[in-house]
Amino acid sequence: MSTRVEERRTTRGEPGSQRPVRPRPSVGSYLALLAVAGVLLVLFVRTTTSTLSLSFGLFSVPLTVSIAGVLVVAVLALGWRLRTGPLLVLGVMAVIATCWWAGSGIGFTLSPLWEDLHRARPVVDGFLNPNWGFIVRVWDQWVVTIAMAVVATTVGCLIGLLLALGASPVSSPTTWTSQLIKAANSVVRSIPDIGYGLLFVAMLGGTAGGAGPMAGVLALVMFNIGIVAKLTGETIDSVDLGPVEAAAASGASLAQRNRAAVVPQILPGFFSYTLYTFELNIRASVVLGIVGAGGVGQVITVQLSHFSYSNISAIMIALVAVVLAVDYLSLTIRRRLT
Amino acid sequence: MTDSRPAMISFESVDVVYPGGVRGLADVDLRIDDGEFIVIVGLSGAGKSTLLRAVNGLVPYTSGTLTVGDEVVDPHSRRRLRRLRSRVGMIFQSFNLVSRISVLHNVLVGRSSQTPTWRSLLGWYRPEDREIAFQSLERVGIVEKAYVRASTLSGGQQQRVAIARALAQDPEVLLADEPVASLDPPTAHQVLQDLRRINRELGITTIVNLHHLDMARRYADRVIGMRGGRIVFDAPVEEADDAAVEEIYQRSLTADDVAGSVDLDRDGSDGGAPGAQDR
Amino acid sequence: MTSAPQSTARRFPEDALDRRPVRPARTGYTVGMIGFGILFIAAVAATGADFSRLVDFPRNFVDYTSLMTQGVLQVPDAQVRGYWAASLDAMLESVKIAWIGTVVGALFSLPMGFLAARTMTPLPIYAAVRFVLSFIRAVPEIIFAIAIMLPIFGLGPMAGALALGISSVGTLSKLISEAVESVDPGPLESARASGATRVQVVRWAVLPQVLPEIIAIWLYRFEVNIRASAILGVLGAGGVGSLLSTLFDARQWERIGITLVVIIVVTIVVDQISGWIRHRIIHGVPKGGSADDPGDDPGDDPGDEAGADPAAEPGPEADQPTEPTR
């Protein structure tokens, strides 16, 4: 193939004289990047806690530092070679630096994977021999879990829908309310489900006080409001504005406009999100049970404290089955909706 | 249509300046009498749409006086705007139907201003409102589709549903913003005939923005030409000859301006160039 | 058009009325609504929730909220500053856990995502990978932590990070495979037609199209993982979850208030940064410069998170992946 290239040269003018020169990023920006890389390397050497090191005859470098250093230099070289924009290279270096920061912060190590694998033995044994009978023995907790999910999904998604309508500039009374509700939504969404679980258990009294499910439902409701308000709010942002304008032109009030022109457009999306939240709720109820908010999670906590992994295994298999079943169910419902 | 009667719509040196500083309308004086059928022509960006939307306050005018009926349009009072809009129906280029709900419910949107909010929220419209919706659908001849989803209709049918929605308001004024620009020529003529018929039968003052001149000449009582946010031509349709129109457009007529003429039941003086444009 | 139903007969002959369609039956809808109502009531009963508790709730809520507010608003002397610092440290540890978890998940999800895309993979591999992925997605991350990571790595952030990593692989690969499947088939076909190998097709026809979307998916998962890492903390995997559960055990409401504020602020800040980067990756840089910029310089762009006009862009899903299921 390559021999043919000679023959294909055009006869008009000097070959390649009209071809544009490939743009090359400015040398200055790459010098700046080099400086950044240097700073990073110094930082890596100064902050390393690694005990393993590579020896290079005269001096030795900690293993982690060498890996990170090689990566940074490689990115810089590759970026120069491929004429990548300096911003992209800077971004990749920032990612490496963040990994260094996070990794050294939590003591990143993989050595237990080969050194301490045997410690997982009893757990894995327990998990491989699930105590099937246990699934049925705690069936009432399953009912509670699913019932909590149903209640919390219904209530949470309805409130979430209202908040979403308030948060989107399309359907909100004023931009001011829209901004306010948006901010409130981010606050609600930023507290994780377990945070709400702890909060409501502390306020109402948990399973021990007999209020586990109540606290659990409230925690799930808050959790759902955050998710649904955000997802639905984004759907509302992108609805077809034509019908909304038409409703406004016929003298409809804001509520009527939203009901007639916005809600029908977002309804399929909203139902998907609702079903999606329902699944999330079943998963989340495991966590909530651990902090004392009722449901099958509290069984897991008890069994965990007894180290009876075969019982936990049974529950988890059942949980996976339930989640998959709900998943499948919501898929079929969604297919029929759209 | 004499001057002794009060005007249906009157513009008195109305300006519209958009927030970005763009001038939509400049010093517009216009008087429209009850029952007129007016077609506004002009290039895109000439201010036709702005003029129409100023009437029902979708675009707030920034100075001058704009009166509809005996009421001055007040773009800053939501309540008064709603009352005004309930008397002014509007039809759009892209129909603006809610595609996922039935035709009937789309038409019932036109009853919003007469319906208590809780009824709208629950979708429990009064029987008399339903009756009006049905009558509107009958007037545009599409009642058999009442329970069909709006998205399943063809473009012409959708525009007729949109007309029914406006009629359900029981309006005094009907605004149509490029109502046929998304339709093929035969359907476009049908829609314009519907509008003309409704104007004659019910005496609703109708203002239509059009791009095609031959249609304007064929259906209008009175033609208004706009350029750069100003009214540059305003005369009965008989006076809207080619010279006048070239004056509006500031250039000689092209095939695009007059094409789209398909003979239906009219004289067909333009001698069909069917399919010469629009797809 | 005066609104009066009686006028119908006068204005329209009988046969005109006959053209009106019969209202379609809505039994399915009605039965569905009633069924759901019954289900809901049954569910309320089945939770065994004690609604009498709600009577006390408002008072408790006000009491505890005022305690928390006092905690947040009190004069920051040395001790209180220590509380703030401890909460911030714990929260940053959660962020670190989430970051490492996301990176681990991202590394594995790239090949897995391509293997799980029907357009890229032969059917047997595709089916197997899909099955593994849906299994991973069905298992809550807390189970990975309990079952696998805690015994091996012991109680600590590393266990949490790896548990997050594994469970991230499930959703990430799923979303990536969807992005790959929805790629514009044109360039793909032309690459195949010119005799490119499978790897060449992926490198030159697929990757350039989906990479921005994939990076956006990774960042989105990072936001999710921050919340999830708090959950793992309750099990003892470090981070703000561990701190919260100790504080709640001791019922130190002032410190709880401080910690919640720290959680909210840090989460929102990280969300904003990540949303801003995602927005820039998907929608490109406002003017000039490179389109792909995963740069870490924050910049403040409030409200940008909403992703202004998703419908107009080629990759609307990736801007805010909704983590759809299967």
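Order of writing sets the labels: A, B and C. Residues in every chain begin at 1.
By definition in this document, a contact is a pair of C-beta atoms (placed from the backbone, for glycine too) under 8 Å apart; a residue touches a chain by one contact, two chains touch by 3 or more.
Here the structure is a predicted model, which is why all the values come from computation and not from measurement.
Novice: Chain contact graph: line, ring, star, complete or other?
Specialist: Shape of the chain contacts: complete, all pairs touching.
Novice: By mean C-alpha coordinates, which chain is most distant from subunit C?
Specialist: Result for max centroid distance from subunit C is chain B.
Novice: Counting only C-beta pairs in contact, which pair of chains has the most of them?
Specialist: A-C
Novice: Counting only Cα atoms for the centres, state how far subunit A is from subunit B in Å.
Specialist: 49
Novice: Counting only Cα atoms for the centres, state how far subunit A is from subunit C in Å.
Specialist: 4
Novice: Return the distance between the CA-based centres of subunit B and subunit C, expressed in whole Å.
Specialist: Roughly 45 Å separates the two chain centres.
Novice: Using the touch rule from the top of the page, what residues of subunit B touch 2 or more other chains?
Specialist: None at all.
Novice: Mind pulling up the subunit A residues that touch subunit C in the complex?
Specialist: Those in contact with subunit C are residues 84-85, 87-88, 90-92, 94-95, 97-99, 101-103, 105-109, 112-113, 116-117, 119-120, 122-123, 127, 143-144, 146-148, 150-151, 154, 179, 182, 186-187, 190-195, 198-199, 201-205, 210-211, 213-214, 216-217, 231, 233-234, 237-238, 272-273, 276, 279, 283-284, 286-287, 290-291, 294, 300, 304, 309, 312-313, 316, 319-320, 323-324, 327-328, 330-331.
Novice: Looking at the complex, which residues from subunit A come into contact with subunit B?
Specialist: Counting only subunit A, the residues touching subunit B are 240, 242-243, 245-253, 255-257, 259-261, 264-265, 267-268.
Novice: Can you list the residues on subunit B that touch subunit C in the complex?
Specialist: 114, 127-129, 131-132, 134-136, 138, 143-147, 167, 170, 202
Novice: Could you list, by residue number, the parts of subunit C that touch subunit A in their complex?
Specialist: Listed in rising order, the residues of subunit C that touch subunit A are 39-40, 42-51, 53-54, 56-57, 60-61, 64, 92-93, 95-97, 99-100, 103, 134-135, 138-140, 142-143, 146-148, 151-154, 156-158, 161, 227-228, 230-231, 234-235, 238, 241, 244-245, 248, 251, 256, 260, 263-264, 267-268, 271, 289-290, 292-297, 303, 306-311, 316, 320, 322-326.
Novice: Within their complex, state which residues of subunit C touch subunit B.
Specialist: 1-5, 8, 11-12, 16, 19-21, 23-24
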